[in-house]
Amino acid sequence: MKKNSVQVAILMGSKSDLETVRETTKVLEDFGVSFEIKVLSAHRTPNDVTRYVEKLAVRGIQVVIGAAGMSAALAGTIAAHTVLPVIGIPIETTTLRGLDSLLSTVQMPKGIPVACMSIGKSGAHNAGLLACQILALHDERLMKKMLQCKRDMAEAVRKIKIK
Amino acid sequence: MKKNSVQVAILMGSKSDLETVRETTKVLEDFGVSFEIKVLSAHRTPNDVTRYVEKLAVRGIQVVIGAAGMSAALAGTIAAHTVLPVIGIPIETTTLRGLDSLLSTVQMPKGIPVACMSIGKSGAHNAGLLACQILALHDERLMKKMLQCKRDMAEAVRKIKIK
Amino acid sequence: MKKNSVQVAILMGSKSDLETVRETTKVLEDFGVSFEIKVLSAHRTPNDVTRYVEKLAVRGIQVVIGAAGMSAALAGTIAAHTVLPVIGIPIETTTLRGLDSLLSTVQMPKGIPVACMSIGKSGAHNAGLLACQILALHDERLMKKMLQCKRDMAEAVRKIKIK
Amino acid sequence: MKKNSVQVAILMGSKSDLETVRETTKVLEDFGVSFEIKVLSAHRTPNDVTRYVEKLAVRGIQVVIGAAGMSAALAGTIAAHTVLPVIGIPIETTTLRGLDSLLSTVQMPKGIPVACMSIGKSGAHNAGLLACQILALHDERLMKKMLQCKRDMAEAVRKIKIK
Amino acid sequence: MKKNSVQVAILMGSKSDLETVRETTKVLEDFGVSFEIKVLSAHRTPNDVTRYVEKLAVRGIQVVIGAAGMSAALAGTIAAHTVLPVIGIPIETTTLRGLDSLLSTVQMPKGIPVACMSIGKSGAHNAGLLACQILALHDERLMKKMLQCKRDMAEAVRKIKIK
Amino acid sequence: MKKNSVQVAILMGSKSDLETVRETTKVLEDFGVSFEIKVLSAHRTPNDVTRYVEKLAVRGIQVVIGAAGMSAALAGTIAAHTVLPVIGIPIETTTLRGLDSLLSTVQMPKGIPVACMSIGKSGAHNAGLLACQILALHDERLMKKMLQCKRDMAEAVRKIKIK
Amino acid sequence: MKKNSVQVAILMGSKSDLETVRETTKVLEDFGVSFEIKVLSAHRTPNDVTRYVEKLAVRGIQVVIGAAGMSAALAGTIAAHTVLPVIGIPIETTTLRGLDSLLSTVQMPKGIPVACMSIGKSGAHNAGLLACQILALHDERLMKKMLQCKRDMAEAVRKIKIK
Amino acid sequence: MKKNSVQVAILMGSKSDLETVRETTKVLEDFGVSFEIKVLSAHRTPNDVTRYVEKLAVRGIQVVIGAAGMSAALAGTIAAHTVLPVIGIPIETTTLRGLDSLLSTVQMPKGIPVACMSIGKSGAHNAGLLACQILALHDERLMKKMLQCKRDMAEAVRKIKIK
């Protein structure tokens, strides 16, 4: 991996997914992980997804995150075109509350893994963390930050006072 | 449309889907509609799907049918690459009984329609019929057959005797 | 088909479905496809549905769209009376969020296909597109528009900038 | 009501529903209630359903029972054509276990009531009992039998010995 | 049945159900059917339910309606204590949207029928109609009103104009 | 509590529930807790349930367990008649796989708690354990046995060897 | 049990659960049961949960209540570390409406019982009541209060007047 | 990472999960990835899980896989104790078909990511692949094998002949 290059690529199926995906980018920024973010739709721009994803490995990108709602094919489509680890964020929907996005993202057939997160913003936050955890396996600074973050999270819980 | 050319293309995500898809081909054979059938996976052979689907229109094929289970991206992926009518068959699954396949197939976002059938064999049968109905709009022989088939179906119900 | 005649018939089960169905009519208007739209209920005016649907074919109408919620029998009832392609739009419901409408619309038994769209407005939009795709098979102008629309949709995605 | 005439009409959507519906007819036979039973499909023979149902009232029939599976439109279609009480039996399905039949049968819109029973054989049994309960309101012999049956049911529970 | 006596008894599990149950009473008032309405809870006042229900038959009441939410035991409890026809209204809930109320009301075991309506206000309206349909079997005036109501409902649909 | 008297009462809605409930009795026997077991149905013998449950407290019984399937009103009905702790076991069903039993048992309204276990045999086993845990609060011998059982359970896991 | 010591421990997974858990503490206060309440997360502070729970028994605490949402592991984790009775409150979630919390809390495997309440505030209220019921088995004052509370609850229902 | 040391740790909640987890180990063996496999239950041996997981990082293990069914807390519990990437396999269940396992595994709250796979054997297979993909980011031999495996998978699809 070249220093300062993009480490994580984030794709989302529609601009309306951005509010959710901001949870991911906040985490990556906090951890000092470089990323790029694009709207690319498995259904509306399938060839752009293909072209984009097929170049990720040679660019040194290490983790790809796909966020999509409804029949959420994006993460699965990314995984079809790369052997990089792919993380899926099922976007909440107004009708079926994200159950459709969840089943579409998580129920991947044998051979094409997608690391599915929980529905919506908590899942988007966790997608950022998982990406960092994967990168931290070979980045001591990041690993230390991850451990510190975990301790801080526990400390924050400990500080809560209930009257 | 050239006479005798393939009218309907049927894709399925895995060979195990064939038992279900046979219900589709039986209908097409009964109606004398020419078809071709292929195993092409949105997840395992995405570029093959793209290449195959992008040539369908110039070959004079008029309807495409995609059958897949679990995170059933096939019909949606086909629809992403063509403006031909796409029919989706959600394959029954052992775990979630096809609810995953159904939601993945039917919950298509704005812009990319998939005509979703019922789960499993009844859906596969109906996919064949819908393809024939679309073709029958410009094929008088087929239209007559469709009408006759509908009358026969009613007649078959009428003949049932309950003791 | 006679020029200028109605090409697509849209039925809805209740006037409250109109807000959703407007997504369908906008698409048909954009594509210059002629349509007529009626409130006809499978449950409150069943004989009107029968009478109306049985005349569709002789009037040269080519596609029928049925939108209904809850126990959404409308699309299935239409399909029971015609061999024209029938598209179903499951209307969102406040209680079960459209899961009832979806299962009632999509789970058609063997012999009576309904092309089910996604729940609510995205499904209504796609119903319009699928109707156009079917008509475009024998209408070069429409086919060109469909292809242009697909390119525009991709272009619109490409123009999105994320800061 | 003429003596010895048919009191209850039972329709089912397909011959395969008969195994379930036998639970209904057994109850009616036990209570000495006259009935007729027919396979008539809301989807395959819609006009036969209409014709049949519209004559029920003048024939002195008092209760109608409809049993169907999947997108179970039968009971609702019957209710659309009569003001007699309509009882719906959602048939168990192999894919969604009758959840589709249940929601299609029970989620009737305002204006068209269907008295929905539980899924499958227990529901079919109860459909027979409910028909008898309705008839018993004006049939003292039947009312006495209903009360006796309720006492017998309780007595049967009381006789169960657990070692 | 004594003239002017109460024909229909309506029970609800909690005062908060009243907003929904008002849909039932409006229908009964429109049809001139006499009724009484009480808050009686299967869980909080079980013995009151028992005492109340066991006297219904001797008072000449002919139909009982039970409305309850969540683990909606009320209609089933009523049915346990009477052989009068019992109609159940599953009240909408904020968490599971009435799916809990629906399954609790409709999935009655063999021997104890409850005529389950759709979730919430549409179901409450239909409960009123079904009660009238049952009474109308032996009340010509009511039967005529039911038929007129059905015609009016159809007429109301026919008058809807879509611009 | 009198020595040797019954400590736990187990009710089940139907004899067919016995296979599941045997998991509960095995636990109670292992812990040397005295119990009695009866088939009493909230729907078929409601007054027997009332009479039986209302005497439990004076008999010194301390925990009541109710097992039922489908619209599983039994545990809730028991809880309506006693302030003893009530444990509910949702029995697995063939159609909705126990989802109906679960929601009927667990979704109790404010004021009437039922301690709901998991669906089927694991829940029945745990019902036995929870009863013992409650009794163990004032029974040192039982508390020691509970702690030993927990250690044994851990030990059993530790002994598993995977080749 | 030492007089005036803490009798019930309440844990919640996040501070946002407090609004729901206040329903539990109100009940305990009404019944004069002493309790302590803490935010301790099975996922963010697992070792704190372990340490805290392992000391509960020696401190004379008799009932533990765990409230958590989403993948609600808290109650199960508590139950893993103690043989005291554990009550679980599934917190309502915005996406899956608490179905995730419910299944995570209730579907405990063989050996580790959790007494699951209904989703959200009604469940939190009932958790308080169940804790009191367990304590009341050996506290006459509390038992009398429980019985009075049950009578008051019934009386409150009886006082409701419907105009 | 030391050469020849264990790279992947696999935990499962019960020995009965082994049949599913064998799909994971087959993949790891095929890719020449070293692993160890243990039965450790979040509910029955929580402290063993803690102790085991807290040592994983210092042992140079890089990925942890947790497989569990029902209220599947195992993967989440692992993730609570480590910042290594954690993959969750929801085990199929006989009652709710793995929907309980899925929601328990995937719906992780903010801060504690679990990479959830599909239910059952396909998910177990994919867990193995995702572990390899993560390791392959810094293991050229493995990356080449991953790419070859992806090509082979595509080739296998291409070789399928449908008669």
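Here the chain labels run A, B, C, D, E, F, G and H in written order, and each chain numbers its own residues starting at 1.
Following the convention adopted for this analysis, a contact is a pair of C-beta atoms (placed from the backbone, for glycine too) under 8 Å apart; a residue touches a chain by one contact, two chains touch by 3 or more.
Bear in mind the structure is a predicted one, so any value in this text is a computation, not a measurement.
Chains touching both chain F and chain H: G. The contact pattern of F-H recurs in C-E, the pair among G-H, C-E or A-B where over half of the contact pairs coincide by residue number. Residue numbering shows that chain C and chain E use the same positions for less than half of their mutual interface.
Averaged C-alpha coordinates give centres for chain D and chain F that are 35 Å from one another. Between chain D and chain E, the centres computed from C-alpha atoms are 18 Å apart.
One inter-chain figure worth recording: chain C and chain G are separated by 50 Å, centre to centre, where each centre is the mean of the chain's CA atoms.
In chain D, the residues that touch at least two other chains are 41, 44, 70-71, 96-97, 99, 106-109, 111-112, 118-119, 122, 153. A complete list of chain pairs in contact reads A-B, A-C, A-G, A-H, B-C, B-D, B-H, C-D, C-E, D-E, D-F, E-F, E-G, F-G, F-H, G-H. The residues of chain A lying in touch with chain C in their complex are 15, 18, 37-41, 44-45, 48, 70-71, 94-97. On the side of chain H, the complex with chain A involves touching residues 62, 83-85, 87, 102, 106-119, 121-123, 125-127, 129-130, 133-134, 136-138, 143, 146-147, 150, 153. Residue ranges on chain G touching chain H, taken from their complex, read 13-14, 41-44, 46-47, 50, 69-71, 73, 76-77, 79-81, 93, 96, 99-100, 103-109, 111-112.
Those residues of chain C that touch chain A in the complex are listed here as 92, 97-99, 118-120, 122, 153-154, 156-158, 160, 162.
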